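Labels run A, B, C and D following the written order; every chain starts at residue 1.
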Amino acid sequence: MTAVATPDLSVRLGNLELPYPTLMGSGCYGSGDEFASFADLHKIGAVVLKSVTREPRLGNPTPRLVHVAAGMLNAIGLQNPGIDWYLEHDVPKFAGRPCVLIGSVAGFSIDDYAYVCERLAARDEIAAIEVNISCPNVASEGETFACDPRLTAKVVRAARSTTDKTLIVKLSPNVTDIAGIAREAEAAGADALAVVNTVRGMAIDVETWRPRLGNVTGGLSGPAIRPIAVLAVYEVARAVKIPIVGQGGIETVSDALEFLLAGASAIGIGTANFTDPRVPERIVAGLSDYLQRRGLSTIAELTGKANVGRLSAAQIEGDAG
Amino acid sequence: MTEMQPALDHNARVHVTSVIDRRVVAPSVISLGFRAPELARAARGGQYVMAVPPSGEAAAVALGIYEAHDDRISLLFFLTGKRTRELGALRPGDELSMFGPLGNGFELSKPPKRATIVAGGVGIASVLLAAEELLRAGSRVELLYGARSSAYLVDSTRFARLGCHVAVSTDDGSAGHHGFVTQLLEQREPPELLLACGPSPMLRAVAASAARMGVRAQLSLEETFACGVGGCWGCVVPLSAESAQAPSFPPSDRGGSDVVYARICKEGPVFWSDELRW
Amino acid sequence: MTAVATPDLSVRLGNLELPYPTLMGSGCYGSGDEFASFADLHKIGAVVLKSVTREPRLGNPTPRLVHVAAGMLNAIGLQNPGIDWYLEHDVPKFAGRPCVLIGSVAGFSIDDYAYVCERLAARDEIAAIEVNISCPNVASEGETFACDPRLTAKVVRAARSTTDKTLIVKLSPNVTDIAGIAREAEAAGADALAVVNTVRGMAIDVETWRPRLGNVTGGLSGPAIRPIAVLAVYEVARAVKIPIVGQGGIETVSDALEFLLAGASAIGIGTANFTDPRVPERIVAGLSDYLQRRGLSTIAELTGKANVGRLSAAQIEGDAG
Amino acid sequence: MTEMQPALDHNARVHVTSVIDRRVVAPSVISLGFRAPELARAARGGQYVMAVPPSGEAAAVALGIYEAHDDRISLLFFLTGKRTRELGALRPGDELSMFGPLGNGFELSKPPKRATIVAGGVGIASVLLAAEELLRAGSRVELLYGARSSAYLVDSTRFARLGCHVAVSTDDGSAGHHGFVTQLLEQREPPELLLACGPSPMLRAVAASAARMGVRAQLSLEETFACGVGGCWGCVVPLSAESAQAPSFPPSDRGGSDVVYARICKEGPVFWSDELRW
């Protein structure tokens, strides 16, 4: 147990340097200042802003949230004023924020993504771009981009062509083979991958017989999905070389360490901010303590260090109970 | 058009408080008192806090600030589910973190001669501070208070002691008017100021009565919250795009809609009855 | 609230008639008598026995279990004595059990499934067969049958050809399009579908840096996966006509009702037996009370009754946060 | 080859008990006493119960039966995680369901002249009943008891009062021998009967010592449980296929292995040291 100088918690995603490995999940941290009175934004790696689309979106009917065992379901429906209004009225307010801001781009066609990405990335207030490909593609009867390797490759290539800023591609866990999708995104030029977005789910009110979400289905987040997300990070890390922002149910430093050991270079915190806005600061402090206690000096020394011993044989025995 | 009382965001912060008293005020209704000087000073009628469940295993719970005197505030809540049960298990001496005060409280800048407050069920928890403020300003305040049955009428005598004129109703007729509290409202003269907090069927009825009476009611709404601070757009209600509380949105292009979804936690929780499009 | 005569809780799966709609999940209720001292087996619809394979299997290295938020991960590895020994030593003991027993068949090739299914179905002690297709197919570098529509169809056709007893096919949630797999299983002759098996996951011990399961990865079960399973049932019910045995995190009567309203005709209870062996009996009593309170007389009056209102549009807005 | 004491399955059932006493016996170590007449009668040394967390939100917890007298039994447990914390929050009067007794206890059918019991940490919870049974049968019983430090030595005086010869060890030397309890064992004459319960490193050391001494030890094992009754095959340990406790399995074809996985909850939790293949 060698004590070392205060560990270095900075991480590098593409050409983006962050002081801390903690990114606030898109859609969970608004425009980056809603939590300013309750959390020390100086102690945050970056805020991934709420996803923006080409056209304004009113968003989904209500209710949009429901609390379930060890997590929540949400179906916000990407409510946002559209890129024009966003650039004119919202982005200017981002100047001089105490922490790095990463823009999140969503769309319903390849062209949408390229258009919004290019205009957003052009702004100095935006340090990098996260591409949320978990949206349904209206062209191919609503199949989501993130569920199809070809569509994923197309979207990422289109977005890549519009900017040199760091491009983070956010993957969906709702696929048979997430590693395959990850390879496509890497090949198409992604600088980093966010793993994972919410898991699709549904809840029904047994008295009214109505779905508990206005949108019928929603995305599951919180501790309930942590083991699913840890495995997704583990599998993606074995398939690609670019850094991974691991997320899904991270509430404590121990949770964060699980993702780093599984292969993540940084971590995302979303739902845990709704439990306690002090979580991000606690995790940063906890990571620092842990590194010191273990005589380590950088986060990178943890990334992917889970020691799995025998594997393929084990994988054959499989998860079949 | 008057704005709701602005949330004094510079006052809002995380408060680490400790329980100083606990009362079971009705069947499965708990009142907890906390030592929280700054919060007590900052709280305004209609505002709420987000209480952090001690286990750290569930989302923070939005609770109205019931009392706020000197260095003490109190919360009043129903044991509805996992989180309120966890809070209900707290005992004097236990620590609890909460953040706030949050939300835009009732608009009380022009105290009227006659004000009417309609409270249903646990809605009572969000109107005491407003009643006190109006009484201090010299208004005549009438409280119309409805509950399931007499056992669930919490602290109604206390409002009377303060100087409110209290009329109650119960669904089962066990006390006061047998029926809905909004029926009591119907029997009244149109008030200059009308505040309401309670279950949404009640609020819709109040909105309808107000329309008939030709007055605007201030309604304190409820919805499932996640962040409680405007960060997730999960707690919305359809609002006229013309409302001063409507979130910024391209006026020209709303897909033809003159309605936008406003965040109950940020733009609300108090809205004008005639601007809601629910 | 019309009170009616004691409601009828019986359900029909293919030609199999069950007195109650509650099936104990395979692998969670052993050989059907381990819980005999703690649960009233007369109040159980059926026990789905632990999956059996052609050859004996020692199972996975330890640890095989880990408790996680609102559930558990397991990687047992199908430990079983193989079909020969099973038929000779275990099956005879099943005679005269107080509740219906359903055999569960697992395998690593089409031929395995057909062979084990035929021999097991031939026995009178076994009332029906559940085909656990969530196993990796050794022939096609370990891809699980349940993740490939073609493989699913082949396995089900092979199993179907060996018996006229009710054939329940158990689907995996670890796929992009579970409805598509379900259609294949129905077309290939399944009488019913079990939806869903465990969700793949992983947990890492942050002190030892070792996976918390000897098999590295495992299957997530319990309340954590309930919203995922409810949605799977909902989507499968819209794609097929055969009955569904909904399962995944059912602990209370309200949970059971969610699955029935989503489209299930019966429900499976696995992990909840580890919380309290009295759960199955409580759910049966609760279902009876609920039907009476709502003036209903059969379970069928609940199946698929979730009232979803507008849908496709909503689905386009999607689960993208 | 002698069988372990068989689980009297016809005695095992669900017991709805109530807490009659609660003691904090060491830092974050709790002892709860329950009124449970049938359980007290049926319990044998080395058996355990599955305690159902009152919230119904987590798996049942396997806990050894510490005491069993008249109509009272008690459990002794460390607050290691979510579930034991929930049990630790119980107070006298609270209800708790548990099912059992479960598992094959220690084999005590031939009480020897000299018996040695090795207990480490919370392992102490599973050896008291065995010690009492041996003393009643006239054996001379020595307890070798190891703990982190003196504060964690639970009820050691009580074993002495019963008539056991007690020797303790602590990792920090704050009481008794400074070091491992198995070092105390090494200094002893080979006992006729050797029982052990504690963390698996300790049990492995006991197994090694026993082998050197040329005796067989009865080891009470621990593993994460799910069902606790033999239904899920999750709690296994590698065992010689020749063991009388080995689960039924084709003797001929084991993929060439002479080892099988036995269920700690069903075939165990007590196994013969020389039959384990861990």
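Here is the rule we go by: contacts are C-beta pairs under 8 Å (C-beta built on N, C-alpha and C of every residue); 3 or more make two chains touch, one makes a residue touch a chain.
Please read these numbers as outputs of a predicted model, since none were measured by experiment.
Colleague: Starting from the defined contact criterion, work out which chains touch chain A and chain C both, please.
Modeller: Neighbours common to chain A and chain C are absent.
Colleague: Going by average Cα coordinates, which chain is farthest removed from chain C?
Modeller: Most remote chain from chain C, centroid-wise, comes out as B.
Colleague: Counting only Cα atoms for the centres, state how far chain A is from chain B in Å.
Modeller: Chain centres of chain A and chain B, defined by C-alpha means, are spaced 35 Å apart.
Colleague: Taking the mean of the C-alpha atoms as each chain's centre, how many Å separate chain B from chain D?
Modeller: Centres of chain B and chain D (C-alpha means) sit 55 Å apart.
Colleague: At what distance in angstrom does the C-alpha mean of chain D lie from that of chain A?
Modeller: 46
Colleague: Residue numbers in chain D touching 2 or more other chains?
Modeller: Counting only residues that touch two or more other chains, chain D contributes 57.
Colleague: Spell out, as numbers or ranges, the residues of chain C touching 2 or more other chains.
Modeller: Touching at least two other chains: 27, 59, 69-70, 74, 76, 223.
Colleague: Building nodes from the protein chains and edges from chain pairs that touch, which of line, ring, star, complete or other describes the result?
Modeller: It is a line, because the chains touch in a row without closing up.
Colleague: What's the complete list of touching chain pairs for this entry?
Modeller: In this structure, the chains touch in these pairs: A-B, A-C, C-D.
Colleague: Okay, in this complex, where on chain C does chain D touch?
Modeller: Touch residues, chain C against chain D: 27-30, 34-35, 37-38, 50, 55-56, 58-59, 62-67, 70, 72, 74, 76, 79, 81-82, 84-85, 89-90, 223, 251-252, 271, 273-278.
Colleague: Of all residues in chain B, which touch chain A in the complex?
Modeller: Chain B reaches chain A through residues 9-10, 12-14, 52-53, 56-60, 81-83, 97, 99, 223-238, 248-250, 253-255, 257, 259-261, 266.
Colleague: Could you please specify the touching residues of chain C with respect to chain A in the complex?
Modeller: Residues in contact with chain A: 26-27, 51, 59-61, 68-71, 73-78, 106, 108, 132, 134-136, 138, 142, 144, 147, 174-176, 197-204, 206, 209-211, 214-220, 223-228, 230-231, 234, 249, 254, 257-258, 261-262, 290, 305-309, 311-312, 314-321.
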